[in-house]
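In what follows, structures are represented as structure tokens.
Below, chain A partners chain B and then partners chain C, in two separate complexes.
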Partner chain A sequence: MKLTRRSFLKASAATGALAALSGGVMSFERWAAKAAETGDVKLVPSICEMCGTKCGIIVKVKNGRVVKIEGNKEHPNGKGKICARGNAGMKLLYDPDRLKQPLKKEGDKFVPISWEQAFKEIGEKLKEIKAKYGPEALVWSTHPELAYDYEVIFNLAFGSPNLTSHAPTCYSPRNVAYKAMYGEVPTVDYGNVKYYISCGRNLVEGINVSQVLGIMKAKEKGAKLIALDPRYSNFAALASEWVPIRPGTDLAFLLAMIHLIIKNEWYDKEFVKNYTIGFEEVAAEVEKYTPKWAEEITGIPAATIERITEEFAKAKPAAVVDPGWHVSRYMNSTEMLRAGAVINALMGNLGMKGGLKFPKYKFTKVEEREGLWPKLEKPKAKRFDGAGGEKWPLAKGLGMIQMLPEHILSGQPYPIKAYIANHHNPVRSAGNSEKWIEALKQLELVVVIDVQMSETAMMAHYVLPESTYLERFDPPQIAGNAVALRQPAVEPLHNTMGVDDIIKELAHEAGIGQYFNFTLEQFSDQMLKPFNITFKQLMEKGVIALDDGKTEYKVPEIKTDSGKIELASGAFEKAGAKRVPTWKPPGVTEGNGKLRFLHGHTAVHTHTSTFNNEYLHALMPENVLWINTRTAEKLGIKNGDLVEVKSDYGKVTIKAKVTEAIHPDAVYMVHGFGGFSPYQKKAYKKGASTSFIIPCHVEPVSGAAADCEVLVEVRKVGGGANA
Partner chain B sequence: MPKYAMVIDMTKCAACQACTVACEAEWGLPPGEKFTRLEEREIGKFPNVRREFLLIQCQHCDKAPCIEVCPTGATYKREDGIVLLDDKRCAGCKYCMVACPYQARVINHEKGVPEKCRFCYHRVEQGKKPACVSTCIGEARYFGDLEDPNDEIHRIIHQKQAKPLRGDLGTKPSIYYVR
Partner chain C sequence: MEHNRVEIYRLLAYTLSEPDLELYRWLKSDGAKAFGELGVNLGELPGLPELSRQYQEYFGLYAPKVSLIESVYRKWSSDPEVDPVMANSRGFLMSDHALHVAALYEKAGLSIPEEFSGMPDHLVLELEFMAMLVENNHPGQRDFLVDHLSFIEQVVEKSREENIMGIYREIVEFLGKFYQEEKNLLLGKQG
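Up next, the complex of A and B:
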């Protein structure tokens, strides 16, 4: 069966189930409830996409309309729970400001264009650019989602090495550190930790529902949770202890921990002997990193560092420094992640209850699958950003998307002429908006695939509207010990397409159609084959468990060259760092009226994508600038005043929140606000966008964006509501 | 007859407002009309500072001031403890809004009536938990039947020493807090 967007109704009807009302006296409210329940109701198991973590959902559809979304208990992600954003999903589907048809820019305006015409014109242009400048003149960026493999095939088939993700503005330092040292990127057995240290990992504002469920279970069992953060975040409110560390100095705190653990022999000697290499080199390096030394740098008393380290080590192996998520903050972030990785190894927590764990199941890499498309060749050209090359060996597979404007403007190392962005809004998420806008204007072809008119889409020649996650299929997902499927709850409301079909059609018109002669079902069946599961089975059940879910706690296979955790590693030396984690100061220093600019997530919004959602918008319509009471006093700023925040790269105005809950040297705002796409009417110009403040930086080891390495001056420009 | 009650464990609250939106979606409320409200306060001076959160909604009081002041009898308490509003009998006088010490009522501008949490009676009657309990990502909310001696809510209230909010007011709420 070829699955089209039209044929899903039949499929999802099969999965429908409706709980019948129990009998009894018909009261007024029961009558109301019954009235609400009658009609054509079906429940469709699917996967959320209000952020990137992909929790399982059950979508309730009544008379063809999505009326409610709940968590799916069968799905390992969320286990039946969803966050505020997930609960607000139907407001994306029914957002009147959504993209509803393909658009082409003519002059300053966007005009509707047919899909056929759009694909034809884009395909022709891509072929022309390829013939003139080579396939590497195309850069394709994405926030990798379930259809990522289609993007890989497209780029390899086209011959471009420049498929690149948002990694450097997010997790590059973590992946670089753990891949080199552990062979893989681990996560935490949150539900069983006994002592947990977060270096800026804000579990309840950068939400992964399963991880929140886990940490709450651990807390209830008495785990100690430590929050290192210059701001008293919502996670700090939940934690046992807030460590109000100076921004960018977590590395010093962790190095002092290593010093203490080794000096006092608090480490797991058996584990270190059997599963690690490089211990002696680390021991020699950290001799100088005393708690007193760290106190000077971090502002945290040596006695506090000593106490936390001793308590932490006593809890081993259920003692963890969280590898984190958004760790692309400072010029020393990769060193910080490496230091955390060393501490975890010294605790012997890998594979242990309450320690680090590797993902249990993975799909094979698309490049390794065969049969549905011609053999995929490695592109001849090197990447535009040098990732994976001599200077940036560790940035391989992560890239440096924030440097794209620089390369477009300089024409180095080669001309870039075409840019396609899918589910990605780098004009507001990868630093310096002004520079991105200037650079994208230089290109011959800009295509954006999205569900709404983002600021990057504003710069496009063609905007291709994707169906929302409630209207489309995607290739399957692996979540924990299960496979799951995103499937449509309703037919597309507008003239939109799933991204899989968009990529396929683009490929046909760009002269590489022979790589996409398969259906989504065939593609998915190939992915699922090793698990003896078919796409059809997954459509019926939504989620299928691959085992009984029980965990066997043991040290897993370590896929480094040595087969051991490499506490000292030559890979870092090749990337210009030392073999072992070393102190390196952050890139800029606060002082003389200059404050550190910090930013982060809120629990009720995602990146730059949810600000026009009417529930979430009403819940949090704008952001504010957190500034310490004493700092504000010196600047004559009162709570609610309008202030200007200015860096070397740009400025914004925003309301001030004067608070004790932030380090006096730092200011903070939630990112994602301050949208300037007038198409998103509710979100338009509400609050301030961090992207005018942040430069396009590059951290030397991982290629990360180091987006908190920026100083700002703050001044009052207007009175607040109470002034 | 059951007697429904809820426990909100603020020590496990992520302050994420999943409950707020789940409730809005469950009842199809207009944006901005919320039956749960997250309050926040800051205590102390840097670095010895802390922030505290509190979730507030209709407490389904046994001695509900809103029922006492309602001139039309629109607000009533069911035998199972759930306090409800019959919009058809509501005159829109807002006495209940003023009387509620928890400020749990919000005006529905479409209907002109002061609405509030309904303990998701329609879900409860189907054996489901209220939307806020069902979605809570910290598992900070519990819902149960005080009349059922085997309901785990007894153990939770006892073990966690959950107490009503402003018990001194004598309103006898059906929500117990852990703080």
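Up next, the complex of A and C:
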């Protein structure tokens, strides 16, 4: 037999060392028992990344392998608790389907290449595109994480104004409203709130562990929790009262609340006098928004609105309308957030126990730091989406990533030729998958940085595998009153890199290496300097508190132009809106067989990123379409039937869940399911993807994606288990 | 089987590795002959692009029909300090079995090539390691076959279930047959 002498296992030392394999070492059972008994154990404090909230974790490592992940009591995020997703982190690290080496698309398949080849080829292509079309031909999108500053430096150094986040598909309306009116985005002092109104904020399914702990504490202390939601969500079940409001009409409910608060003088007169401007303008505007008027629009009886408003006002200042999180739902979402911001100001709750609070600590902006890189210049070109420009001044820093396909396909305002997506899967998270796919095919260069082969990665020319959060360092984090560090618990399992190093290497090959002549330690030390803490100290402790954690309840500095909360806002006027919140109907109207399409989070999955995780997949393997009992009856649909859900943009097939727990004019799906990347075996084609239903469109003023402004027709296409 | 066991382990390790031009050329000439001598007709060899496509689909690094990594078939850990949900899971890399083979390689002064990083218990490496044990007439052959290479039975079963075709079906069927003969030989001899 003639054989090749090629071999894979190489002798690392000149030794005939098989002789060393004696005694019990060859027996797996004996070896395993000894390894369990004698293995080295270390505990590594770090930061979770199974969602974006960054809870503190303690990673237990034994024999070089992660064996357990627990919450870190010292870390303000989570305070020692982690959710199901946090518990499932090991299954991401050891997932055989995760990305293992850089890949290049050749024809219709991906082939492994070296990092050197990947960086060189991408760098060359970026330089070529820059020379031919200008640096603005590059768009870089990201779900902003701890290495975001590296992305800022890269884009400014390259000369592109087009670094953009997922904000418009998530929180843009909240940030626009509060930044313009309060000068800062607040959160809620959940643990001390006495009366809490959620406008679709589903705290127990769109989980932030600390906030869930807080709201549970408030509930135990007797707080009243109101859930305004067209669906009886898990938060509605937890709440004291579910208000099954017609979708897209929360704004009317809140305007009527303002009307009642002002008419009955239930507001905090001192606070309004000392800390706000524009009260009279608001009062004049809301005169017409009576509870009866709101009843017609919302479907909620005027008496209910009156009762809730009175109870709410009596609880001030520990009475809060939650600014929310994923609020990019309707064409009037920003107005709704403005109305909520007015109510919070009328309650005088800013800085008060159980009210709104601003973050206590922040790092300085990367653009303001100096010394480690050459001066960063503002790019000459304007953004592709106009964010921050004349038409969209309030969308500055948020962008409109959902409109990228439109701009690629139209070539307006200028040609876009290169796209880099980091930790972001817009093909499935930014509406209209078909259009994204069509647009990305037009580009000369698509690069995706991720830990797994997402649907966006499937469209890439190059896929760069990032080390998981359990294998890499990131720049430091500020969490509440502490700074913390994500640090590797184990060495990278595969041929992957941290995103900081990926960006640095790309920069060197793209001709802007001079901006990245620093180490992560130097970069982090510069961030930590104002707190007199070093990277090394943070490595050792994982989390370092910046104060004693005691809260001093007082009105914080308000960083608007006037130094007060601007109930009437010139910034909104400049952006083409009224100076005060005003009624604006949602963008589409249900009727004639068309239902509003709603979607949202589940507690056990994150966006589109966790569906291949075996543990989380087992907890929730697929989604269903919630449809009201009466609506279903009219359409001849029974529980478990297979139905087609069709919008003007696409259609999906999914099982129906017939229930009283949703408004008759709406249907609902958990988003993130229906993955179509065959590289993710467990997630592949499980359930239906909302991205085939939702359009790529834009809410005026904030630039948000308004992704519940879509009508669908539902029809039965097959019998189910109960049919 | 009247053949050199060492060479058969090496033959299988090589042919179950990712095909490149060198392997393809070898398979077309000497490889086909080598299998022929073992009574295996590999049939018509497709072009290299098609062979690579088949390999990726059947055994590749991403969502393959049949994993060639031992850990994927094993309970992850019996260490009581491991998170119980993970410990009792199957389908993941770096199980106790992977740690064991990594420890064996290290002790034997062998290094794991970069393309197998995170997968020390890939069948290709384990077959090659077994070839070394056999070549050196090492007494640990039996333990290694029983403790590790026994997952070949599941590889064969899964390959049949997934109805893999072409030369890889022939190779996997031969792998299964050879494993059974080895089992008879080693368990009969030492067991």
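Heads up, the rule we're going with is that the second predicted complex is superposed on the first by the 684 of 723 C-alpha atoms of A that agree within 3 Å, B and C clash if a C-alpha of one lies under 4 Å from a C-alpha of the other, contacts with A are read in each partner's own complex, and residues count from 1 in each chain.
Assume a residue touches a chain if its C-beta (ideal position, glycine included) is under 8 Å from a C-beta of that chain, and two chains touch if they have at least 3 such contacts.
Quick caveat, the model's predicted, so the values are computed rather than measured.
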| item | value |
| --- | --- |
| Touching partner for A:E270 - first (chain B), second (chain C), both, neither | neither |
| Contacts of A:D97 with chain B and chain C, given as first, second, both or neither | second |
| Contacts of A:M216 with chain B and chain C, given as first, second, both or neither | first |
| Which of chain B and chain C A:C83 touches, first, second, both or neither | first |
| Chain B versus chain C as contact partner of A:T629, first or second or both or neither | first |
| First, second, both or neither for A:V41, with chain B first and chain C second | second |
| Touched partner set for A:E390, first chain B, second chain C, both or neither | neither |
| First, second, both or neither for A:N234, with chain B first and chain C second | first |
| Partner chain(s) touched by A:H617 [first = chain B, second = chain C, both, neither] | first |
| Overlap of chain C and chain B interfaces on chain A (superposed complexes) | 21, 28-29, 32, 36, 67-69, 87, 90-91, 614-615 |
| Interfacial residue positions of chain B with respect to chain A in the complex | 11-18, 20-22, 24-26, 28, 31-32, 34, 42, 44-47, 49-53, 78, 84, 86, 121-122, 125-128, 134-140 |
| Of chain C, residues touching chain A in the complex | 3-4, 7, 10-11, 13-14, 17, 22-23, 26, 30, 33-34, 37-38, 53, 56, 61-63, 67, 69, 71-72, 76-83, 85-86, 89, 91-94, 96-97, 99-100, 103-105, 107-118, 124-125, 128-129, 132-133, 136, 138-140, 143-144, 147-148 |
| Chain A - residues contacting chain C, complex | 1-4, 6-13, 15-18, 20-21, 25-29, 31-32, 35-36, 39, 41, 60, 62-65, 67-69, 87, 90-91, 94-97, 100-101, 109, 112, 453, 493-495, 614-615, 678-681, 684 |
| Chain B contact footprint on chain A (complex, rising order) | 19, 21-22, 24, 28-30, 32-33, 36-37, 67-71, 78, 80-88, 90-91, 203-205, 207, 209, 212-213, 216-217, 219-220, 232, 234, 236-238, 242, 244, 603-604, 614-619, 628-630, 659-664 |
